[in-house]
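Each remark here refers to the structure printed beneath this line.
Letters A, B, C and D mark the chains as written, and numbering starts fresh at 1 in each.
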Amino acid sequence: MMHSEVIDVEDNTPTVKTIYFEWKQEAKPGQFIMAWVPGTGEIPISLSSTDTIKSITVKSYGPASDAITKLKRGSRIFFRGPYGRPFSTVSGPALLIGGGSGMASLRPLITKDTDAIVSARTAAELLFSDRIMGGKLFEVTDDGSAGIRGNPIDALSTIDLEKYKMTYVCGPEIMLKKVFDFLNRSQIRAEFAMERLMKCGIGVCDSCSVDGFQLCRDGSIFSIEELRGMTEFGRTKLTESGKRIYLNY
Amino acid sequence: MNRLNTQISGIRLDNPFILASGILDENGYTMKRVLDEGAAAVVTKSIGISERSGYRTPVVVEIDGRNMINAIGLANPGIDNFGEEMKIARESMKPVIGSVFGSTAEEFAQLSMKMEAYGASAIELNLSCPHVKGFGQEVGSDPDLVESIVGEVKRSVKIPVFAKLSPNISDMLEIAKAAEKADAYVLINTVKAMAIDIYARMPVLSNSFGGLSGPCIKPVGIRYVYEVKRETGKEIIGVGGIRTGEDALEYIMAGASCVEIGTAVHSDGRDIFKKLSLETGNIMKSEKIESIGEIIGAAIRR
Amino acid sequence: MNRLNTQISGIRLDNPFILASGILDENGYTMKRVLDEGAAAVVTKSIGISERSGYRTPVVVEIDGRNMINAIGLANPGIDNFGEEMKIARESMKPVIGSVFGSTAEEFAQLSMKMEAYGASAIELNLSCPHVKGFGQEVGSDPDLVESIVGEVKRSVKIPVFAKLSPNISDMLEIAKAAEKADAYVLINTVKAMAIDIYARMPVLSNSFGGLSGPCIKPVGIRYVYEVKRETGKEIIGVGGIRTGEDALEYIMAGASCVEIGTAVHSDGRDIFKKLSLETGNIMKSEKIESIGEIIGAAIRR
Amino acid sequence: MMHSEVIDVEDNTPTVKTIYFEWKQEAKPGQFIMAWVPGTGEIPISLSSTDTIKSITVKSYGPASDAITKLKRGSRIFFRGPYGRPFSTVSGPALLIGGGSGMASLRPLITKDTDAIVSARTAAELLFSDRIMGGKLFEVTDDGSAGIRGNPIDALSTIDLEKYKMTYVCGPEIMLKKVFDFLNRSQIRAEFAMERLMKCGIGVCDSCSVDGFQLCRDGSIFSIEELRGMTEFGRTKLTESGKRIYLNY
């Protein structure tokens, strides 16, 4: 287990914070760490900055993520990684599609050339839309409190996708599936960052698997072509016990 | 016939490499993929009577990149929820061995019958889970209990039954004798261990204690396979720290008929199975070994 | 006072690093050099009643450069021939702890009295040697025998008595309880193991079986130190796989008052003692730990 | 444990053979291997060639060394190493002083610039004196069957040692001690290859120690300066059991 000192904490939304720490390790956008809160738990969190100063951007869902959002400057952060296959990098215009805390893993991909669809339940939860610089920003909220009311597809369908060299997508699996179904008709290059329960982070426990691929190792980034062949994607997953359940949309 | 072909209790294996219990074998699709990618057979995660979520994370600690300590805590969906995974895994048409755990002979028998009904090719009895009667002890350190479990399961199913023994005991031969009705032994399970993070001043695993696996425990596994093979002559499946063709042949020469691979899936990925077949085949060729059968126990001195 | 100072059963140590039994401690001049070069104390090779040449070579197998399996076979000159070595070692003016092995309580007591007469600062009872009564078992797996050995030795000498326990048992707490008259426990001895050379098709050690030591067994040692400290509260000397300051602090936070170093003398040379003091001191400084005493057992969760 | 195929076996004297095998490992003159004869034993043996083709030159004393001398072309040789601190290499004239099988470790030092005193019990046992090329050769035998009758000192005392950049000595400890005592009066640079019982070869078992130094690790080559401070050299040693005995001359 590694550790580092928290050098800054940034409030992003009422429930999301970004924790900055120094870690010289090379890492790429789309990779994640297993962050440990001693006595509480260990969870997978994407790197939201991949420079020497790294960051994670965390939404408080339960005990571990909540404890991370409570870290202060000077606190110690424990972690291991980096894990996972990163996003492919392309030069030229790209589109980011982020749902909720999904924008965290997309942040390191932001350049002057990236447009973005940032979606959330409500305006206050729109993450990193203030970071989109140069490119076009499409905001989408469930409740219409900012931008388009609806889901990312409502924004996507207004955009000419042909101009992008790559579309990067991160968010809840239900959102990924919708975006996938939408893009599947086209010849668009796209990569999806998937989230599933992770226990080990290193390809042994099988809790994160989809169609025999381990998200923690073969993912968590998959290309649209890879998703095409998957039976489990957007359909079924295993719970903490290993019980198969059906995702209902 | 390929020089890597072998068999265990009559079950034919394309090569001597089986996926060990607890690694990539909770999801039927994963087992199927591991089989399609080169494993000769898989052992399922150990399944019990009722659904368990296992311990809180952290449930694994990596040590030096190749070894690990785990305390998954027997997370499992319960035998009644495991039928679909078995069905998916069996689409591979290769043997799927059902691992089960319980605390009484009746539980083991019930689990084994259900596994047989799901189409398991054999049963692996995980005799290393915590045992309520003795304090801090495992089911597998109580010879009477082991004898009654193995006896009861053998009476209940027709498929072969393997007894997986724990190394955390004073005298494995005593336990092996108690389990002698089993068709084969599986040696060894993990070695009880712990890792403390000195900067957190705390054990890393939420359960504090866990099981050590990986190359670290290979010399311990080799010792037990050799000793039990020499004393009992029974068929053995070797497991513990196998990463290379040399490791596999070391287990086979110690007395194993085939081997299981766990932690190396972490260090080398699922490709480990192809790699092992390739390496083992190459060594056998250059050492002029025509079949696995020819060298089982070849290193045993009497 | 230096932050590395510590003590065990009233014996003051400049730093927590003691040379483990069986490593560079057969020749008095070597013990003296190891002490002069930075060890706080040394434990002698285990000495018995009569002279033994030990096993034929090979008596060690290296594993991955840092671990080893050894079967020296308790080579020792016999207690009566060991006085001169003790005298030479004691010229260092640092504590020399006499390790002894036997098969009865009387033997252990006799050996301990001679060691005391030679000026040993403490006795370490090696309770891991083969035991004739039980087949393949060790003295240290028989609680009654352990109890009588420790009792008899405690009655016979005035210097502190340490009981070194074997990890090759089902229940160390039972044995620790049997040895509770000892002033401290030494945990752990080597883990029984084997290595086979597949090209020779033979176990490498002339004795076939040996004891595994080095970083491989550290997680096992940590587990036992933690468990025994938590359950008994007694003083413990940690040993098994220590190579770095972090390793040492891990043992100390698990419950050890000081530690012994064996195999790392192979991987890092005799310089290991200076290196360990340096590394440990640096970590303590940056972690604001003022003394070893402050963190003994700091990781124990109840 | 490593292994290699014996590619050649050379008879050197009635009791000494040289076994050649390929081993790409870099090794230096003065280093040794632990050679294993499965089922028989494992013993330290100096490398008598340190090129890609390595060799060991072995005298049959007991079970293990005897088994090695019986290896044939095509046999397998098992070993680990290389171990030990090598001889220092110097450019310019050097003198080799070898007693019995002690010449084995000196052989890789032979150049056109090396003179040598080769000693043995009897003429037939003079090892590698045929390999001395260019330099002067002094033969010494206990029985006078070749060269000078006596011991290496009888040859040494006839030689002007000032001209050598280095004197390398290898042989039984009794011989080393005599040469040491002789050279000790002078300012000559000299290095001695010592032999003591070795069990582990890797610095843990203490069976090879002299004054707290492990021959297998700190030696087996010691400089004359290093030997000067030693109490045990030429005086006492431990047997297989660890019992201290006195060397009597």
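Basically, a residue touches a chain if its C-beta (ideal position, glycine included) is under 8 Å from a C-beta of that chain, and two chains touch if they have at least 3 such contacts.
All figures in this text were calculated on a predicted structure; none of them were measured in a lab.
Contacts with chain A and chain B are shared by no chain at all. Averaged C-alpha coordinates put the centre of chain B at 50 Å from the centre of chain D. Note: centroid distance chain B to chain C, computed from Cα atoms, is 33 Å.
Separation between the centroids of chain A and chain D, computed from CA atoms only, is 66 Å. Computed from the mean C-alpha positions, the centre of chain C lies at a distance of 36 Å from the centre of chain D. Chain contacts: chain C has residues 199, 202 touching two or more partner chains. Contacts with at least two other chains are made by no residue of chain D. Arrangement of the chains shown, judged by which pairs touch: a linear chain-to-chain path with two open ends. Contact annotation for chain pairs lists A-B, B-C, C-D, with touch applied as defined.
In the complex of the two chains, the chain A residues touching chain B come out as 1, 3, 34, 36, 38-39, 41-43, 64, 76, 78, 80, 199-207, 209-214, 217, 231-232, 238-244.
Residues 22-27, 29-30, 32-34, 45, 51-54, 56-62, 68, 70, 72, 75-78, 81, 84-85, 197, 199-200, 202, 204, 206, 262-263, 265-266, 269-270 of chain B are the ones touching chain A in the complex.
Every residue of chain C that touches chain B in the complex is listed here, in rising order: 63-64, 67, 69, 136-137, 141, 168-171, 173, 191-196, 198-199, 201-203, 208-209, 212, 215-217, 219-220, 222-223, 226-227, 246, 249-250, 253-254, 283, 287, 295, 298-299, 301.
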